[in-house]
Every structure is written in structure tokens, then in C-alpha cells.
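Same chain, two partners: chain A is paired with chain B first, then with chain C.
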Partner chain A sequence: MAILQTPNGFTLDNSGKRVVVDPVTRIEGHMRCEVNVDQNNIIRNAVSTGTMWRGLEVILKGRDPRDAWAFVQRICGVCTGTHALTSVRAVEDALNIDIPENANSIRNIMQLSLQVHDHIVHFYHLHALDWVNPVNALKADPKATSELQQSVSPSHPKSSPGYFRDVQTRIRKFVESGQLGPFKNGYWTNPAYLLPPEADLMAVTHYLEALDFQKEIMTVRTIFGGKDTHPNWLVGGVPCAINMDGDMAAGAPINMERLNYVRSITERALVFCKNVYLPDVLAIGGFYKGWLYGGGLSSQAVLAYGDIPDRANDYSASNLMMPQGAIINGKLDEVHEVDVRDPEQIQEFVPHSWYKYSDDRAGLHPWDGVTEANYELGPNLVGTRTNIQQIDESARYSWIKAPRWRGHAMEVGPLARYIVGYAQGHEYFTDQINSLLRSLDVPVEALFSTLGRTAARGLEAVWAAEQQLYFLDKLVATIKAGDSSTANTTYFDPATWPKDVKGVGFTEAPRGALGHWIKIKDTRIDNYQCVVPTTWNGSPRDNEGNIGPFEASLMNTFMEVPEEPVEILRTLHSFDPCLACSTHVMSEDGEELADVKVR
Partner chain B sequence: MHETFYEVMRRQGITRRSFLKYCSLAAGALGLSPAYAPQIAQAMETKPRIPVLWLHGLECTCCSESFIRSAHPLAKDVILSMISLDYDDTIMAAAGHQAEAIIEETIQKYDGNFILAVEGNAPLDEDGMYCIIGGKPFVDQLRHVAEHCKAIISWGSCASWGCVQAARPNPTRATPTHKVPGLADKPIIKVPGCPPISEVMTAVITYMLTFEKLPELDNQGRPKMFYSQRIHDKCYRRPHFDAGQFVERFDDEGARRGYCLYKVGCKGPTTYNACSTVRWNGGLSFPIQAGHPCIGCSEDGFWDKGGFYERLTDIKGFGVEASADQIGMKAAAIVGGAVAIHAGVSVVKRITQKGDDA
Partner chain C sequence: MPQESNVLILGIGNLLWADEGFGVRAVEELHRRYSFPENVVLMDGGTQGIYLVQHVRDADILIVFDAVDYGLPPGTMKRVEGDEVPKFLGAKKISLHQTGFQEVLAMAEMMGEPPEELLLIGVQPVELDDFGGSLRPDVEAQISPAIDIALEYLARFGIHASEREAPLPQSGTIACPVLTRERYENERPSAEQACRSGDERLLRDANWHPPSDFERDMETLLAGDRAERG
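Up next is the complex of A and B:
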């Protein structure tokens, strides 16, 4: 190929210089990216490859559905818990189990705390180094940094010149030791970095503050789930019984002391989001608002399943506090209803993935999903099958499938949620967006960008921390009204289950729409399928040649120095890729076990 | 011009007197006599940072996530002042060629003198291409780095045992570090758990830096200091087990009183880990305290040893048992023996290896 026109509106030209980034770092899991740049260093073709596969659904076959949450939670330790929550919802849907109101509140608190934690860690520890230059921070004047800090966030107490001087001294000693650790071989002379030294110093300081603080946020889940990473969940409710005023409350999972702990941490998390995280997003965004690359599919096609049911057991859009809906063809005035059960809506394709179907052109709904691993490389590969120098995107090229909504490649994630919410006129989200646009003095179109994705995450962290308090209040109110129940065990015994059922559970993971589809037969898992956010965002091409969100977002981006992939990393990171999530997907029924190719 | 741990503490306003006191407390915490305190102090005052190459295979990154949750020491201080984390694709600034170049630079400069930390494991099927780094199989990178390292830390149950992707039928032939064919013969420290406890991870590192030696390992390669006792041995709910007070169903009266979770599937009696002693997230809680039975996540093959809510039916009590003999933990056997008398039951067999009927 030289030039290809994709149905979703992109012109791909792979004739220019090929740039390979493998591994793409500061993500969860393993990923490769290749682009072609033209003579003006503009990306004209982009190829994203998921480079790992584990086959968890095969492993789930035949197991106890009540155990599934623990297996699928290990899909990802970064968005830990969201797969577990999705799983218990799928099993409860299949078995018609209603959970107590308190269980819903506790699950929501846990899920919202993940949003807060994950967004903060993503921004500071996975994404910041795409915008922030720690070496440049050495040139900063601590006094001017203090003034900057006080201007962007007057309420943050850690703002004295001495404080910034101490941090700067520590970084200087670190750099002068010659052992640069995680900052080694960074792109610190690249002109793509635009912050003045004071903003760099402020951001590096908060990199460290956030690293110290993030561990507190998750203690909420240690209280309700016993540990974090990977807390414990339960089909039918939550495992943590409540005992406020009875015998032996001190040794019970949830008592007054535990609730106070949760409240204290949650309040501090909200303060951190409001006083540090969001102001940093705005401050850094202000210096980069001329860099509005990376919109990709966000202005055309976005999808959100919705999440955070206000009342227990009602997963309809009107009861979900995170928006649900689909926008296609760039028509923001028309939000489509989403039904995860509808076989016509969500389908997965594999013509460019390392899997095969009996009919490779077919799209399969997850309940009927099939996966057979099929690692093969195209004729234009440069290298060998165990030493890929340049991949052939005209053939199979990724361990990720290509999910489509009514045939459309869709972006999912915080920006997608905010766009759907904005299009639906959701008051809270609309106010947040308008205030963001005013602060940065940019038009609404600026949302459809790498920066927009990053900003939406910051807005959402504030929202999520506030809702955590809402559910904590609700939990207390319910207990006060006399209901302390946390689990419905009526159908916990498999002997009570119907012979043959299926169910679906969905959540909004920090990275976007997540669904699990389960079939249960004779009390055992007959089929389990997950379609995860990074499957949507990192999808390879489909039958029609549509490119997925990662690839689309890289298109037409100018690179300062093509050998130094700062811009590629910046845009890919804005999606917060999670490759272990996206590439585990596998198998329908028993027979396929034998079909996994073992060469 | 490196910053030592001592300098970090001084800079944070800690006096020399407090620092020395900290060292003797640290010695106590590690179960050592106060005579070790000067040794700890000396190590913290003078050590340059040892390079660590932290590789990721098939995994979920839960070990890294656990590591950054360490309350003491803080992950920040480990990374900035104790080790030189030169390669860790989860947090490193560089990508692609610039990232891969670091591995060769480290090997050249510190051949035989750096730590290899492994998170996740290598799939061997499909010529290793179920996990690709830099266009090549992860297992190649693992073998190459292992060849030149001083010692290997196998973080978590993936690197130690295989964990979830190695659960039956192990579709990719995911293989824990010590079983990778052709791997250089280097000392391997297994720190199992899914994930391991944050403070256990940082304690293993600080122990090695402080004492300049590997921690004492049991015959399965785990540090004895954290893995020589079962959860059950030090569980705060143990008196309820001994008294025959059990949670019969989740959210029943027993659950609200914090009774023993054995009947709803707790694997604490067969799981060697520090959850009931060190606890999680700065000592805040652990699964049993939060009302869920232990699922045994630090044990080899725990995914295939029966359902998480199925009672350990083959376990008749807690006596001088096969697994304790196998692991050679005298202390555990003695404690267990006392309980066997108390509970009035006889011999324990190891949990069934049969697994569920997947």
C-alpha cells in the first residue's frame, strides 16, 4: 500500500520513514507502536500492536462462577477490582440475585476510590513525564515556584520557597549521583517539552507528593476488601459484615472506627484532587493549549456503558450516575441507547488479530464469542516471527481483537464519558467542562484532543471523590434506618441455581467501558468473555479498514524528533492503556482448548 | 555524590541520635539482636544505590501497584535513595530503543552486580511470542538479563509459581522464573502472593541492602522471615476456631461478630504468608479481618486447589502435618501441635491437589 482511505475518515500513507516504539512504556502490560512520518515529520500512518496474551477465559471454563471474580480481577492489577465488580454483577445477573443497598453503596465507594486512585497515579506516574521535564526543574527559582504554586492553588499548604528548595536539592543530588533510575534515557533535550522550570519543579514535587499520598486512597478498599492491590468481593453483596453497636463490634469488619477511617481518607482524597491534581492539570494544560493533537475518534464516535447505580440492582441508564450512551458520525446532538445484550450492537472482529474465526469476516457478540489463537505474520514483515523489526499491518498484527459498536470503532474512557454526559446535558459534567474551557480560554473543540482526554480524567477524579462521600453518607443513613445487611446469600448455594443461564455485567473502568458476559451450565462456567476498554481503544483494523482510537489519535501529529517518541507516548498515554486487560480475551467452549495452537 | 539513606533521614530533619535509635528498632523488627544496630547504621550511611532491572512478563502489574503502596519505607524513598531502578517499563521515562539500551548499559557497567526483579512470567509456547518485548520473546530478555545479574527476586505468585495464567490448562505454558529452561543459575528469592504485601516487598529489598546478603530462605526459596507461618497460626480470629465459633453464611451473626471463616472456605490453615502478622497497607487490615476467607494467594497453584468457598474438607484439624514436615518449619509444627490437642483432632493432610473439575 501507499495510500489508503479508511471509512472512518483517515488517509493512511505508509511510504514515509518508519518509526518503531517497542516497548511502549509507562502503561500496564506490553504494547508496540509503529508510525510512518512524512518529510515534514508528520505521522501519516499509525499501527498499534498488543504484545501479550494470557487466555484467562479458557482458564475460567468449568470453574465455580462464585470464584470468577478472583480470576478476572487478576486481568489487571492497576484497575484492580473493576473486573471483579463486573464479574459479580454478571453472575448476579445470570442468577437473578439482588444485593442489599449497603452492598451497593460499599461497592460504589470501592469503585469510585479506584477512579480517584487510578487517575492520580496515571496522571503523575504514567503520564506526567510526557509533559514535565524533571531535569529542567533544576533550573527553577524556588521562590518563583512558590508564587506559581500559590497562584494555581492558594489552598495547598505545601507551597513555601523552602519546601520547593528542599525538593529541588533532592532532585539535584539524585541527578548528580549519575544514577538517574526511572528518568534515565528520557527525552530531556527534546523541544516538545514546553514548561518553564518553575512549572516543572512544581509538577515534579507533586509527582512525589502523589506517590506518597496515593497509597492512602486505596486504604478504603483495604477496609472493605481486606487488602489492596486485589481486594476481596462476593457474589450476592460484599464480604464485610457491619456491626456498629453489638457484641464484638471491635472485631467485625465494619464498625464505627472503620467508617471513620474511610471518611477521613475520602475527605483527604477529595482535597488532594481539588487542590493539587486538577490545578496541576490546568496549569500544565495552560502551557500546552497550543498542542491540540490527538483527538482521533473522540469527536466522531464515543461509547459509555455507564456505572455507579444510585439504588441497588437497577442498571438502567436513568439510575446510573455515570452516563450511558453512544455517539456516532460526530453527531453530538444524538445520543444512542446502548444495550450490552443486543447481538447487533457489540461485536468483535479478528481479521487483523492473532485469532481466527471459522468465518474471518464475521463479527461475534461476546455471548457467542470464539477465540482461537493464531499467531501469523504478513508477507511484508521485516524480520522473523521471533524478531519483529517492522510489522505488516495489512495482515494480522495484534493480540487485541477489534470490537465495534454497530460496526463503528469507538473511543471509550473518561473523555468519552464526559462527551456523552455533555451531549446529554448532564448538569454536573457540563458545568465542569464549561469551567475547564473558561479557565484555559479554549473553545469546546479543544476537548477533542490528547489534552482533553487528560483533563477529563482530572475532572472525573473530583467528581468521583465527591460521590464517594455521597455513598458513605447513604451507607450511614441506611444503617441508621436499621438495615445493616451486606450480603444476600439466598442463592449462594449452587444447588439453588437453574441449570442453564447467562448474564452480563458492566462497569466503567477508569479506562472506559468494561463488560463481562457469562454462561453458566450445571453450576459451572460454560463460557466467559470480557470486552475491555483497551480492546476498544487499542483495537487493530477491521474488515472495512476502519482504524481504532489509538491509531486514529496519532494520525497527523507533528513530531519534533522522530527518533524520540515523546508525542507518540503523550497521546497513547492519554488513553491510559491497559494491555493485560485487552489481550487476554479467549475462547468460547471446551473444544477450543484443544485448538490453541501449540507449535 | 549519591544520597544515602542516612542523608535522606537527616535531610528530613531526623537527628543522628534518632537515626541510631531507628537502626536498633529496625534490628528488633527484623528479629535481630541490638548488636546489629551499628551494622545497619553503617550500611545506611555509606551504600551507593544498587541497580535494579525490573522486568515484566505475563502479569497484571499488581506487584508494582503493591510496591508503590509501601508505607515504610515509602516507595519514593526506595526509588530515590536506596536502589537505582534503572529499568521498569511501568514507570520509566524512556521507551522503545532508549529503554532497551538501558539494559545493555547496565550489563556493561554493573555486570554481575545488579538485581534482577521479575514481575510476571514467561510463556514458552508459540516460541515465546505470547509476550513480546522489543519485537522478541520476553523469555529471551529474561534469560539475557539473568545471565548477568547478581541475584533474582521473583515478585509475586506469577514469577514464583505461575499464578493465574498458569492455572489449568495454562494456555500459553506460562512458566515461573525458576523453571525457565536455560536460565542462568543465580540465587532466586521468591516473594509470593497475589500480590505480595507492600511492606514485605520493601523489607526484602531493605534487608538485602542493609545486611548485604540474601535473606534466609526456606526450601521453596521464600524468605523465612515472612513465609514461615501460616495465616491461621497468628490469625486474630483463631480463638473462635479453637472455640468452635464459625461464620456459617456471609453476613450472619457470626460474620458480624468476627467468628472464624473456616467453614466458608478460609485457606488460612494451609497458606504461608505474613497477612495475619504484618497485615496489609501499613498494617491496616487483611482479608480475614475484612470478612472474606483467605484464598491462599501466596501458595503454589492456589487457583487449582478447589473453590474459594469450599471448606478444606480434607483437613481434619491442625496437627503435626505433612506440609509442615515438607517445609521443615519446626516452629509451625509445634504451634500446630498445641492446637491439635486443643481442638481434639488428629492429623492434617495437605489440601487436595485435585482442584475443581475444570
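Up next is the complex of A and C:
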């Protein structure tokens, strides 16, 4: 090609050196990324490939719809609960099942708890090392680190020079043992790392604190889901009974003591987010605020389905506490309504995906979705069918379909939710954003960046922990008013179901808008389609040549050293990609180390 | 080691991909047939990564059941102990636990709390590329021997399981009640109803065709490599 203009505003030039990163590490699932850089090492073309076939839909076909949650929660190791929740909502929608208020509160608490948990784990354990250099932390002065800690977050108690010296010794021992562990495979001499050693040591220390703390958050979902590590779910409500005077024996119903325990964990999570997580985002952001690459589509086109219904069974935008809406063409003063049932709104296209439709140019609404593999490669491919050296993006090149909202490629996730909330004038989100921008002393445009995506996740963790407390209060109030029901089993018997029905369930997973569309025929699943957040963000090109959010976010980024794709990983990780469910778990890959090739 | 050591017996892997379910099925079966003293925890770890770190830190003795690619004939069982374990888990990652289990062990170590004793009981899978499928007979046949290895290993530390009078019913599983083997296998739709094939690069089934000219492909590939090395 040489130079191509995309309808969504990007100029693609594939004439420069090609950099191939496969697999992209520290994500769930498998993904490959190829870019072309010009003579100034600026990315001028980006191609993102989901390298695994997705078989979720075909596994579910013919199964009992009441069981679907158990299958979908095994697809991926991260957002198990959110898939299960989306699934039971889809079945309830199809069968017109209303759930009790308590079930809604408990589901919200579990979902919000997952948001907090996932955001913390993502920031510290999957993303921090794109900004933080643990090897550099060994050079830090513990006393200066202690001063930095106290200035960044005066209320965090763990800040003595001795504490940081201990952690430093621990890391040194670990590094010197040669088994770097989670810290291996880094590009620790790359000039893209900008933190002074003290900030590196502070962040690595919090990496360990977060690893220690996250275990407690998990227990919230265990208490309500009844089981570690895969909670149980139920069509019609939640599988836990309430008996406020009951004892604490294993498997016993929810009682006051347990609710108090959940409250204390939630309060501590909130303190952690406010005193450690958010201050770290600001501290790290302060050093990187000159690095505002990675905005991609965020200033143009963002989508949020919304989630966290305040009252049970009402999924309209006004009842959802997480914002719902779509912004296109960069017009922040116009937020469009989103209807996941409307066949004209959400459609999936496959001209650049390894699937076939009877009409390949058509877009299919998920209720009519088809999952039929078609592994076919373009004429410009370098390599072989089983060993691709360089993909041909002019043809089919990904196991991810291309979902579009009214024809637009859309970014989803915490930043998308915050932009929609901000555009709607939602007071809480707007205050949070303004305060963030003030602290960093950056204009609102800075939000549309890799850093903005990472910061929005931190803001949302605080919000989610606070809403968890709201629903705990609500749960206790409802129970005290005499309503302790947690499940509606009226329609649990398939004999009562209509012959042919369809439904949709949606949530906001930590990484973005998630929808499951189900068709039930003769009490069995006839079609099941998931459009997951990474399908939106990792989408390949469409009929018109629009590039997807991952691809757009990499465009025009300067790379310090093309052989060391720190900048690519930084931006892709900021989306918290989860390829396990957007594609299928089938790669035979052996290497954890990203293989980077420059051609 | 004193009797009070905390023991974790963990099955890891994905139930939905045929032999990848070995770890979870093995720990499920162990629980159905034996009961343990209170200091022994049996767990379906699924494909959870970082979420398992805490459980590993809490354990003094850790036994892991998993499908492992040892490069041995399919269905072969192999036990690996102690420091050798991470090497095998990392050698070729066939299970996509988002944080490889090797990394989970490294994180526990970094927190200063690695298990003191570690045993990996792995089976070389026969088949992974069967979506929604179950264990192949050769792998299933290794569940009982795998359980025996675990029990014998625990006995070394003076920890003894009691065989139940009758195995618990499948519904008594420690894994997922909806995914118990019987239901999982019996309610599976036919291949005609739900296509089971996948990425032909990996499946090598009827839909997969070898390169039309292997020699030429190899030559192109090598030429590319040579060009790269300059």
C-alpha cells in the first residue's frame, strides 16, 4: 500500500521498518502486534492480531441455559464473576425473571469488589512495570524514598526508611538470585523509563503491598459466592441465604457478622485505593506527564453499556450508577443513547477476521451472530500458514471480529466510562477528573492518552469501593425491613418456559463493556454470542478501513529503541487486554519472553 | 515436619479443554474418595493466576496436579519435586493460566513465603484441542495413580487421609457443581450440533492441510532468517 487514509482519521504508512511483538506479554491470553516505524522511530502503521480461535459459543450450544454461567466463568482466569453475572442476566432477560432487591445488592457488591480487585492487580502486577523499573529501585536511597512516600501520601503508615531498606534488600536478593521472576523479560536499560530510583522503590514496595492486600478483597466474593476460587451463581438471584442471627459455620447463610466482615474489608480497600493506589498514579503520572501518547480513539469514539443498577431489574440508563452512552466524532457535547437490542447499533464485521458470514460485507447483530472459522491469509504474508513472520493486514488477520456501534470503531473501558460520565456532567466523575487534572497540572486533553486510561482506572477503584459501601447499607436496610429473599425460583423449571425466546445481559467488566446475547429454543441454548471488551478494543480493521482502538492508540508514538517495545506494551497494557475470552485459548506457544523481530 | 503443617492440594487447568482439565478432575476425585485432617486444603484452582498466590503462601506443603507438556508420550505421568518444579511449569506453557503458575510460585517466594515442600504431579496430555471435551481415556486412567502418589507423599510427613466408606456423589464436588464430569460429558451436544474444531494451525485435523510445498516454505523461511542475521 504505502500510504492509506482511514475514515476514522489516521494516516497509515507501512513503508518503514516492521516491528513484530509476539506474544504481547503480561496479559490474559495471546495476542500479537506489528507496527511500522519511520526513520525517526515513530509508529506509522499498527496491526493487532488475536492469535487464538474462540470457541466459547460452540461449547455452549445445546446446553442448559441455567448452566451457562459456569462455562463462561471458566473461559478466563480474571473476570470470572463478571462473565457469570452477564450470563445470568441474559437468561433472566430471555425468561422475564425478576430478581429480589437483595440479590441485586449482593451482585453489585460482588461486581464492584471485582472492579476494585482487578484494577489494583492490573495496575501493580500487570501494568506498573511499563512505567516502573525494579532494577533501578536498587539504587534508591531508602531515606529519600521515605521522604517521597510521606510527601506523596502522608496518611500511609508504611513509610519509614527502615521499611524501604528492608524491601530493597528483599528485591536485591531476589534479583541477585538470578531468578527475577515477575521482573524478568524487562527492558531495564531503556531510556523510556523516567522515574528516579526512589519513585521506583516506592512503587515496587507497593507492588508487594498490593500483592499482599489483594487476597483480602477476594474473600468478599467467596462469602457471597460461597466458594473459593470460583463463586457460584444462580439464574433468578444469588445462591446464598440470609439469616442474620445464624452462626459463622462454613456454608451457613449470610449473617450480620459476615456483612460486618465484608464492610471492614471494603473500608480497608477504600483506604488502600485512596492512600496508596491513587497517590502512586499521581506520583508516576507526574514524571510521565510529558509522555501523552496512546490516546487513540478515546477523544473520538467511546462506548459504555453502563452497569450497577440501583434498583433491581431496571437496566435503563437513569437507574445505572455506572454511566451508559456513546460518543462519536469527538463530540463530547452529544452523548447518544445505547440500546444493546437494536440491530442497527451493535454489529460485528469479519472482512479482516478469520471467520466467514454468508455475506462477508454484512454486519451481524449478536443475536444473529455466526461463529464459523475461516483461516485464510493475504497474498502479502511473509512466512507460512503455520509460522507467520509478517501478517498481511490488507486481508484477514485476526481471530477477533470487528464490532462497531452504528458503524464506528469504539473504545471501551474505564476511560470510556469516565469520558461518558464527564460528558454527561455526572458530578462525582467530573469532580474526580478535575481534581486529577489539577493535581497533575495538565489540560483536559491529557485525559485522552495511555496515562489517562491508567488514571481513570485508579479513580474508578475509589468510586467502586465507595459504592460497595452504599450497597452494603442498602442490603442491611432491606433485611432489617423484613425482606430477606435472595432468589426468585418461580420460572426455574424449564417446563414453564416459552418455546423460543431471546435475551441479552450486559455489564461493565473491569476492562469495559461486556454483552452476552442468548437464544433459547426448546429449553436449550440455540445461539450464544459474547461481545467482550477486548473484542471492541482489539478489533481489526473493518470494511471501510477504520482501524480499531489498540491500533489507533499505537499510532504516532515515538519508540526509543524499536527492538525494545516498551512503549507498545505500555499502551496496550493500559487497556488491560483480556484475549482469553475475546479469542480462544488454543495457542501452543512455549515462550513467555516476547519475541521481538525487526524487519 | 510437625503434623500441623498447612497442606494445599491444588488442581490447576481449564476443565473446558479436554486433558487440560486433568488437574481439576484429579483433585475433585481425591476429595470424593478421601477425607483429610483440617490442616489439608483441597482446591480447584482453575486458571486463576495471581488470585492463587495467597493460598500458595499459606501452604507449607504444596501438591499440584496439572497437565504438563514434558515432551513425553501422551498419557505419561511424571512427578517432579522441589526446585525442579518451576522449570517444568515454565518449560512450555500449555495451560494459559494468565500468570503462569511459575510466576505464582515466584511471587510467593518474593513475599518470603514459598512452600517448603513442593510436588508437581503432571500428566502429558493426549488431546487439548477439543472444545467442551473431557479427559481422554489414557489421561483419565492416570487419576488413580496420581492420587496414590499424592497420598504416599503426604504420608512421608505423617499426614494421612482416610478413605471414605463410599465416594461422595458427584454433586458433592469441590469444583463446580454444574461442571461435574457426568453432567459435563452427558449433556454435551453432538459434534454436528456444535462444531468442535478450531484453529487449523493447531488442530491438524481434516480441515488442516499441510503446506503445498514444504521444502519451498522452509527455504523462504531460512532465507528470511539469513537476511535478518544480515
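Simple rule for what comes next: the second predicted complex is superposed on the first by the 573 of 599 C-alpha atoms of A that agree within 3 Å, B and C clash if a C-alpha of one lies under 4 Å from a C-alpha of the other, contacts with A are read in each partner's own complex, and residues count from 1 in each chain.
Just so we're on the same page, a contact is a pair of C-beta atoms (placed from the backbone, for glycine too) under 8 Å apart; a residue touches a chain by one contact, two chains touch by 3 or more.
Keep in mind it's a predicted model, so treat the numbers as computed, not measured.
When both complexes are superposed on chain A, chain B and chain C occupy overlapping space and clash.
Judged by the number of chain A residues each one touches, B leads among chain B and chain C.
After overlaying the two complexes on the shared chain, residue contacts for A:Pro253 are found with chain B alone; chain C is out of touch.
By the touch criterion defined above, A:Val21 reaches chain B but does not reach chain C. Contacts of A:Gly383 after superposition on the shared chain: both chain B and chain C are touched.
Of the two partner chains, both chain B and chain C are touched by A:Asp212. Contacts of A:Thr486 after superposition: chain B is touched, whereas chain C is not reached. Where the contact sets of chain A with chain B and with chain C meet, they give residues 27-30, 52-53, 55, 58-59, 61-64, 67, 70-71, 74-78, 80, 121, 125, 170, 174, 179, 181-182, 208, 211-212, 214-215, 218, 228-230, 232, 373, 375, 383, 385-387, 389, 399, 580, 586, 597, 599. Those residues of chain A lying in contact with chain C across their complex are 27-30, 52-53, 55, 58-64, 67, 69-71, 74-78, 80, 121, 125, 170, 174, 179, 181-182, 208, 211-212, 214-215, 218, 228-230, 232, 372-373, 375, 382-387, 389, 399, 580, 584-590, 592, 597, 599. Across the complex, chain C meets chain A through its residues 14-17, 43-54, 90-94, 96-100, 103, 106-107, 109-112, 128-129, 131-132, 175-179, 183, 187-190, 193-202, 211, 217, 220-221, 224, 228. By the touch rule above, chain B contacts chain A in their complex via residues 1-3, 7, 11, 48-49, 51, 56, 58-66, 68-71, 74-76, 79-80, 83-86, 88-102, 123, 125-138, 140, 163-165, 167-174, 194-195, 197-198, 236-237, 249-251, 255-258, 275, 280-282, 284-292, 295, 297, 303, 307-310, 356-358.
Chain A makes touch with chain B in their complex at residues 20-30, 32, 51-56, 58-59, 61-64, 66-67, 70-71, 74-78, 80, 121, 125-126, 129, 166, 169-170, 173-174, 176-187, 208, 211-212, 214-215, 218-219, 222-232, 234, 236-237, 239-243, 246-249, 251-253, 261, 373, 375, 383, 385-389, 399, 484-487, 489, 492, 524, 563-565, 569, 580, 586, 593, 596-599.
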